[in-house]
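Letters A, B and C mark the chains as written, and numbering starts fresh at 1 in each.
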Amino acid sequence: MAGTMFKLVVILAEPEIADRIVDDVKRLGARGYSRYEGYSEWRRGRGPDDAPGPHDFAGPHARIETVVRSEVAQAILDHLAVTYFEHYAVFAYLADATIARRDRYV
Amino acid sequence: MAGTMFKLVVILAEPEIADRIVDDVKRLGARGYSRYEGYSEWRRGRGPDDAPGPHDFAGPHARIETVVRSEVAQAILDHLAVTYFEHYAVFAYLADATIARRDRYV
Amino acid sequence: MAGTMFKLVVILAEPEIADRIVDDVKRLGARGYSRYEGYSEWRRGRGPDDAPGPHDFAGPHARIETVVRSEVAQAILDHLAVTYFEHYAVFAYLADATIARRDRYV
């Protein structure tokens, strides 16, 4: 395939921290991002009875996506974890993505 | 990468069965899901002339996503196939996803 | 997993060319697509100072997704690159996707 391997980073976050996360993503090296609105529910209660915990979430969320080099993806995840995971509802995952590079064609 | 391999399950479904599918996804083991609204068209007519069939679809859809362990992903796909594929417009796919686990950081 | 490997193609494009891209995607072999609305920013300035260039973009975009065979995915990317990359804000990437095939179940 004509393309280069990158990482897709998908971040679901409660709306009040979405703008901060966009700023973080740009500052950590992303050349772009996209943003969508959705609804989500998740629970993170852990313990003997898997009881609902303080990090459970149900409501509208911002979905922020960016496609970046692997090091940038890891830096974003580390930053999110250290900065937000304790006190905010933030969920993030990575997937492999092959991008169509403009400079391969024009 | 600091993360654990999971499966992203993406389900596109006609809106009237979206709530049922969310219930299915939670009952089958997902700890969370997210939901978006979109528009889609697809055709599944098969035969010598690839004629449009009864499962063709064009209209608004609900997009339901969840990130789960591989066994849960397979259980969700099997359930969708057996329960909905015959009579409803439902499309689903899986992709690998590496999640940022809160318990790795805090 | 009960499924077949396909390619997910994700295209982010400025809204005015979204309908054309949907037509392209269908003509190039996709049996379906889905479409969402979002907001995005990206910059593609390149040069010694990485200065903002004419292809920078900030605003609403259409997100067009399709899951297709690998050859169709490559044909779509090649077509997008040749047709739009020079004059429009279009970003595209591929990821592996395993689909739940109806004909495996019914």
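Assume contacts are C-beta pairs under 8 Å (C-beta built on N, C-alpha and C of every residue); 3 or more make two chains touch, one makes a residue touch a chain.
All figures in this text were calculated on a predicted structure; none of them were measured in a lab.
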Interface numbering overlap (same over half, different under half) for chain B and chain C: different
Message: What's the rotation angle, in degrees and to the nearest 5, for a C-alpha fit of chain A onto chain B?
response: 120
- line: Taking each chain's centre as the mean of its CA atoms, chain B sits from chain C at a distance in Å of 20
- prompt: Can you list the chain B residues in contact with two or more other chains?
  reply: 36, 95-96
Message: Could you list, by residue number, the parts of chain B that touch chain C in their complex?
response: 10, 12, 36-44, 46, 55, 57, 61, 63, 70, 73-74, 77-78, 80-82, 85-86, 91-96
Query: Can you name the residues of chain C that touch chain B in the complex?
result: 1-3, 6, 8, 31-36, 67, 95-100, 102-106
